[in-house]
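Below, subunit A partners subunit B and then partners subunit C, in two separate complexes.
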Partner chain A sequence: MTRPAKETPSTDIQVAICGSAGEGTIAAGDILRSALAEAGYRIISFDTYPPEIRGFGKCIARLRVTTEQAYSLKQQSDVLIALNDEHAIPHIGEVRDFGAVIYDGHSIAKLPEGGHVSGHLRAGQLPYPVSLRELCEKATGGNRSRNIVALGFLAGVYQLPKDAFLRIITKKFGKKPGVAEQNQAAFETGYTVGEAAFRLDDVVFGAPKRDAATRDVVMINGNAATVRGAVDAGIDCFFGYPITPATSIMERLASEMPKHGKRLLQTEDEISAIAATIGAGYTGARAATATSGPGLSLMQEMLGLGVIAEVPSVVFVSQRGGPSTGMPTKTEQSDLSAAVHGGHGDAQKIVIAPTNVEGCYRCGGKAFEMAEAYQTPVVVLLDLYLSNRYETVQFGARPPFEANCSKPRAKAAPGEPYRRFALTEDFVSPRALPGEPGAMHTITGLEHNELGRPNDQGDMHERMSKKRHEKLKAALKHPDFTHCKRFGDEGRIKVGMLAWGSTFGECLEAMFKARAEGIPCAAMKVVMLSPFPVEPVSAFMDDCDVVLVPEVNYEGQFARLIQGELGRPVVSLARVPGVPLPVDEILETIRRLAASGPRDAARLVRAA
Partner chain B sequence: MAEAHQQIYLEDKLKEVRESGRLEYRSKALPTWCPGCGYFAMAGGVPAALNSLGIAPQDTVVVSGIGCSSRFPFFVNTYGFHTLHGRVLPVATGIKVANDALTVIAVGGDGDGFAIGGGHVPHAARRNIDITYLLFDNGIYGLTKGQTSPTSAIGFRTPTSPYTNPDQPLNPLLMVLAYGATWVGQAFAGHPQQLEELIRQAIAHRGFSYLHILSPCVTFDKTDKTYDRLEQRVRSLPANHDPQDFAAAMRQAMDVETPPMGLLYVNERPTLADALDGIVVKAGGAEKRARKVAKAA
Partner chain C sequence: MAAVGKHHVIIGGGISGSQAADTLRTLDPDSRITLITLSRLPVYNRYDLPQVFRGRQDWRDFLVQPPEYYRRSRISLRRATRVANVDATRRIITLAHNEELRYDTLLVASGGRGYLPEELAEFLPLLDSFTSFEDAVTVRRRLPEGGHVIMIGGDMIGLDLARTMVETGHRVTLVAGPQTFWPHRLEAGERKQFLAVLAKMGMQVVESEAHGNIETIEPGAKGMPARRIVFGDNTDLRADSIMAFCGLVPSVEFMLGSGVDIERGLLVSRSLRTTNEAIYAAGDVCQIWDQDEKRYRFYYGWKNVRAMGELAARNIVGGDEPWSSNQDESLRVQENGSLYSPFWEYA
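Now for the complex of A and B:
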């Protein structure tokens, strides 16, 4: 066991809080990250919890506190707060050497032998037994604020800015009379005890960065950032049906949209949600719905109608463990195939997937531009990890979205029927909206001619199929949008990673570590998944001895997509742990591939 | 001589139709229905009703699902959306929520509305969205060549129930009344003038209006809901029927042996748009809403 190098001036600390559902674990994590974000730190934070609201399921709140931008959570935590012995014991292992474990020295219930955290500490991990319940009862007369006492203790030990915590506590509990005061008292008590505690560990919080770059920084999760993007892009109508983990998109829009004079309706199911979205899109409104995998399955037929009738719509899909009801509160990236290839017929649509919370904002707004410009459904793929993960994000002063991307309409020739599906050079037809005189027309899910009238002749189906596919190619050059981007080493590299969605953060962290070990390495994020950016991805692959595709699904859906689009081999690292891919596992695979060389790698590909 | 009179009569009639403005609502596409189909009554009734209400073709959207009756949008010169099987009401809901200024008419058959789309009817009705739903009930799937539908009679023989239909037919009128529709009427395609008048009233009603239209399928139903048999069974509502009396409307709707024609029930309550506007006011967005609506107009 070697003591880690003396701390750098920059902060990089991960705190995990582990408890049972109903013990305020997630609430404590929320207060901690909010207070530290307000103090000026950068945050990445992700909570895991069981599908049941109460009961005794395990909840973990994890947050990584840094002064520089981080891209994922760390493999190891520096501090663990154990609110519940049974649930925390399996997680003691994630605390690094010389890290701290804060736990209740006097458990609530009489625990069986070996049931207490203290019996499971590893040599080198430094214990802080605190009488959480006793302190809480003394401070508040009850034991419901044990979580806040623990937070206070943490803040006291590490001398975190007390005012920020008290402000956040007031904000969070201010609406309930007496509760804010009770929690403030609990916090103060914990803080006093923490301050006086004898420091054993080497966890050091450096000073937060309080410069111009961090001034307008907001702490926000993926779903909230998506909503902000949608609102900034001028969303007019939203139709939705609750489903984990997409529900908070609808909830937030339900409170935001009416403030802007916009309308939201909770529909009877996902089919009607997408149907109404497409109905609203037909009138020219910027309309959206949000769902998860099961809802996406229900929406597929209607999305096909959106494709053939060329109606703009936006569908936010936050993926979770599948198939069927699967694992509603666990993350997964297994709806890629359904989003890109789902539905019957040749029904290509636009599919984009942000890789971080800021990306959720951009995709949340840009999706409306693309839907309008290319007259098609746009699916924005999030996942539970991205939807629920908090990051500190800096927003610009002005929204980077265009208010109108519709193709200008040529005047209808008087007496002539309106050619809604006129074949044009760029395959996008001018679109008249209901209410405009002289341009009446009917759109349909039947194959049709330029007038929109049913037509099932082979040559017409050829022409119209081509129109619907070719027009999407322009989306690959959609202005002010990052379709894909390379990070890391330039030029020839040993191992290149192609990644999409939330997993890209872990890939970046793994890449930085690999480069630090001297492995020439790069990673490319692919944000636009349909139509596929064949050229830049192909150019990237030209530079790589071997291409690794890490993702959180069993089938290697992204790897298959790449192989299908490019016909080139990749190594797939596809796993379904229900949580983000461990950075160390990606790193280990990089090391293995780098050591094996291109020829062996090719063998590995075949083996995979 | 008789022929000459006939000619003059036809020319006068044609002149009358031309001058009425109804033709403005007619599409150049010709209906694809079988000769004698009950749906021709809608092709005449909807344009006439819109014309007499002074609703311009460009301010009208006719939405439909899938089925014979759902081909209707192609045959009118308004905006139209021929959607998916069973999804006419949610699409119509989206259109109306996005643009209050449009007159939205949803059209469909019994299979579209009460089999595959049955889950949407209660919600359109309870929300009281200001659209008109014209449901053409022929008790059969005509477009797929005559299979059993949810309003087919017990004992009805079709290719999907060759040993006769074992299932109790639904009573759509009772259902929509229970769901909270604020205008419920019934008409017979064999009485086009009454149908036209009821379509007019249904469109004029502010809220969710449901018009149930008994409409024979002359090609696939030779035994049950034929013109002859329906003509014998349909009756007018009693002269003293009070359409504001919900219980009386339910009693009338229960009579499937001698179906009553006319306006069964009408009631005024806030529409979905009223409710959504109320939410905007509560949230403090009324000013922004007014600006948006003014800009759209």
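Now for the complex of A and C:
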């Protein structure tokens, strides 16, 4: 008789590290996620930090460590590492009962009553006071590696793979002589103390799964995945102007593109960046820019040129709290209307929005295919949560992108002029690049005829407007691209969710919980926002007693887009907390809607 | 806006402190109550710790109150917190992590720690402790099934553990000394009789003095049990664990500069008030004036310390009731031939 294999407990642990800017909070989170990813766990992580550079605001690194696929961060953390009392105290409440709080057991400064983390723990939370500063000074002669001591303690307490941490520390600090050694010593010290600590919490890290799904995984964030997608799709030139949270796209491309013989230019502003992108696109290059909401506003006029001149170009927009400078380091999904409807004239363009980091890679590459295939600007809508969110992603052996999607120019009869804007059956005109023999043509921001020559006759404007809109419909069937997808229960359901962008992960988690409670529930992610996938969305809505649309903006921009496209009611859950929508809030809304029944749901819809 | 009441601070998360907090909450509903404890756990019953040998190893099973009780009762529980000193003049407590707490009334119920005779102090690293839940579980995990434990001294806390260990299949050797039946006061001849009873209960009893007292304690050689005791007459004992139970020393270090009178414990009147009007003491940390014996004395046992906590709370909020103990302190042999101490009784 064979003995049954010992069951490995599945892991679903969220760790939060909270400190002040400059205390190494984000660095500690980075090491932790990299080490655990290397060990074979799946990771989702997201850092929040202040707009100031150093020494002021609060930084929090949160990461969810799992053995199975997860889709969002959890509402509550299992472990909190407090590197700074003042900043960590408001977050003590997010640690679940029987979870752990690791903090510095000593303070140099006199603290008033309530000034220390230990005074704020609920009776169900388990304290782990550690002499972080003292241990750090003993190990390194200074106190700059308190964060690494704390990380070592965490690893020691939960018996996490020490070697993986030491390798990551070496990799991270290897270029600075002495620093890697100091941090290794700090980690070892913390690990030894943690190993000896008596565990009272019920936090369990099961062994990571070493299967096909976790082999060759890469720990990568949304912006980096977008860059990888762009590079794999053969981006030729990039023009950009830095702005949070899109800057790292340009930074990463600046190091990647020269390796491939490609060009990147930091322009003087966003208007210049989009103008250069459209110019490069016109020449046949795969060209892109990246910005955030304020930059998108500046680019709108030039995007109109891209639409009317039918120039392939890609704009990556990572959204943040707005309007104006708004909340540069907080996430939001409030540029949807600007991306879909922004600008003047009837300037429809393609707008796509990935829902996770892997999606950033696909959209980052597919955007170039679509721009070329449908000869139009393509906006890829990211947001700060997605841009900065790390996930473990497994990339395929070969990039899933086509190198050339242009509709080739048919051989013209001798003497026949090249009609750059020919009205064709699929509304896409054969494209010639500037300088091609026999393909001389006019290109302008003015309305034009098929040859590109200015023409402001009404009927021509009608035909060209139709052409520019109709050609985009084919994007809804763009090969090897998921424009929307349903998850959860099939058939008739009580509550359906329509979600876009980063919020979809939270919706999916809420849906799983609702289904576990017996609520028939489904969720559809909508990746293509313009042109809108009317048919599948409408079919999904047919199955739902009520449709909930959670999103991180105040106006309910996606809910309005759906209502505008389909004329059907939805319940909008639109909030602007500066952080991802809490899963529990979405779940509570699902429960409320499920309990209300179709008739009451209709009343709720009206109230919403 | 709700009136802000007095801030009652209690140092010590044992039965005495926790009973005081509960009583204070009932009698003074508008007050602020802070309960400071060294323990990382909410208040639990230390008298119950031998039960870890009966399979109870989840700390939640030992709690006096569930975690949500503290929120519901508005008792701020400060765990893993050491008091550095008390400034009785300014009514400020400084915690070891450098935080200051202001109080209106203070109850010191910090209990006591295990007393270790001076001649054994150098062997402390080789002794297993049994004063906290963590200690108890560590010892339990370290001991092999049927493992051998040497218990130096005994006392009624140690003997309670010893009888549980014997009942759960462990081998216990008691190295008897002057504190073996602490805090009972024995009549002449009783000691020998009670040691014989312990032997009948399954413990191996070794009189320390008869072997020239303990000479040294050392780690066991490779392949041998983890510890070895060598006596003055060169005889030795080997075991998997050695523990010492020799009575208690009051934990009063943080009160040394406070101006409150201290003998061995904090000296308190019969109403449990110290020599400072805002500071009371209860439990194993205090010595109460005994009019009959004309001396300050300690009162031990779960019933006593619990009653002291309750009385101190009543007096803190304006009462003036005197202390009286109804704890039976007689050690006796039961009909079944086993030893019985009333100090082993707890709710």
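Just so we're on the same page, the second predicted complex is superposed on the first by the 599 of 608 C-alpha atoms of A that agree within 3 Å, B and C clash if a C-alpha of one lies under 4 Å from a C-alpha of the other, contacts with A are read in each partner's own complex, and residues count from 1 in each chain.
We take it that a contact is a pair of C-beta atoms (placed from the backbone, for glycine too) under 8 Å apart; a residue touches a chain by one contact, two chains touch by 3 or more.
Everything quoted here is computed from the prediction, not taken from an experiment.
By the touch criterion defined above, A:302 reaches subunit B but does not reach subunit C.
Contacts of A:265 after superposition on the shared chain: subunit B is touched, whereas subunit C is not.
Contacts of A:239 after superposition on the shared chain: subunit B is touched, whereas subunit C is not. When the two structures are aligned on the shared chain, A:119 is found in touch with subunit C, with no touch to subunit B.
The wider contact with subunit A, measured as residues touched, comes from B rather than the other of subunit B and subunit C. In the superposition on chain A, no contact is made by A:186 with either subunit B or subunit C. In the superposition on chain A, A:79 makes contact with neither subunit B nor subunit C.
Judged by the touch definition given at the top, the superposed model places A:352 against neither subunit B nor subunit C.
Look at A:31: by the touch rule set out above, it reaches neither subunit B nor subunit C.
When both complexes are overlaid on chain A, the residue A:97 reaches subunit C alone and has no touch with subunit B. The residues of subunit A shared by its contacts with subunit B and with subunit C come to none at all. Within the complex formed with subunit A, the subunit B residues making contact are 27-29, 56-59, 61-63, 66, 73-74, 77-84, 87, 89-99, 101-102, 119-120, 122-123, 272, 276, 279-280, 282-292, 296. The residues of subunit C lying in touch with subunit A in their complex are 40-42, 59, 67-71, 76-81, 95-102, 134, 137-138. Residues 236-237, 239, 255, 257-263, 265, 267-269, 271-273, 275-285, 287, 301-302, 305, 309, 417, 434-446, 453-454 of subunit A are the ones that touch subunit B when the two sit in their complex. Here subunit A touches subunit C in the complex through residues 97, 105-116, 118-119, 121-124, 126-129, 198, 200, going by the rule given at the top.
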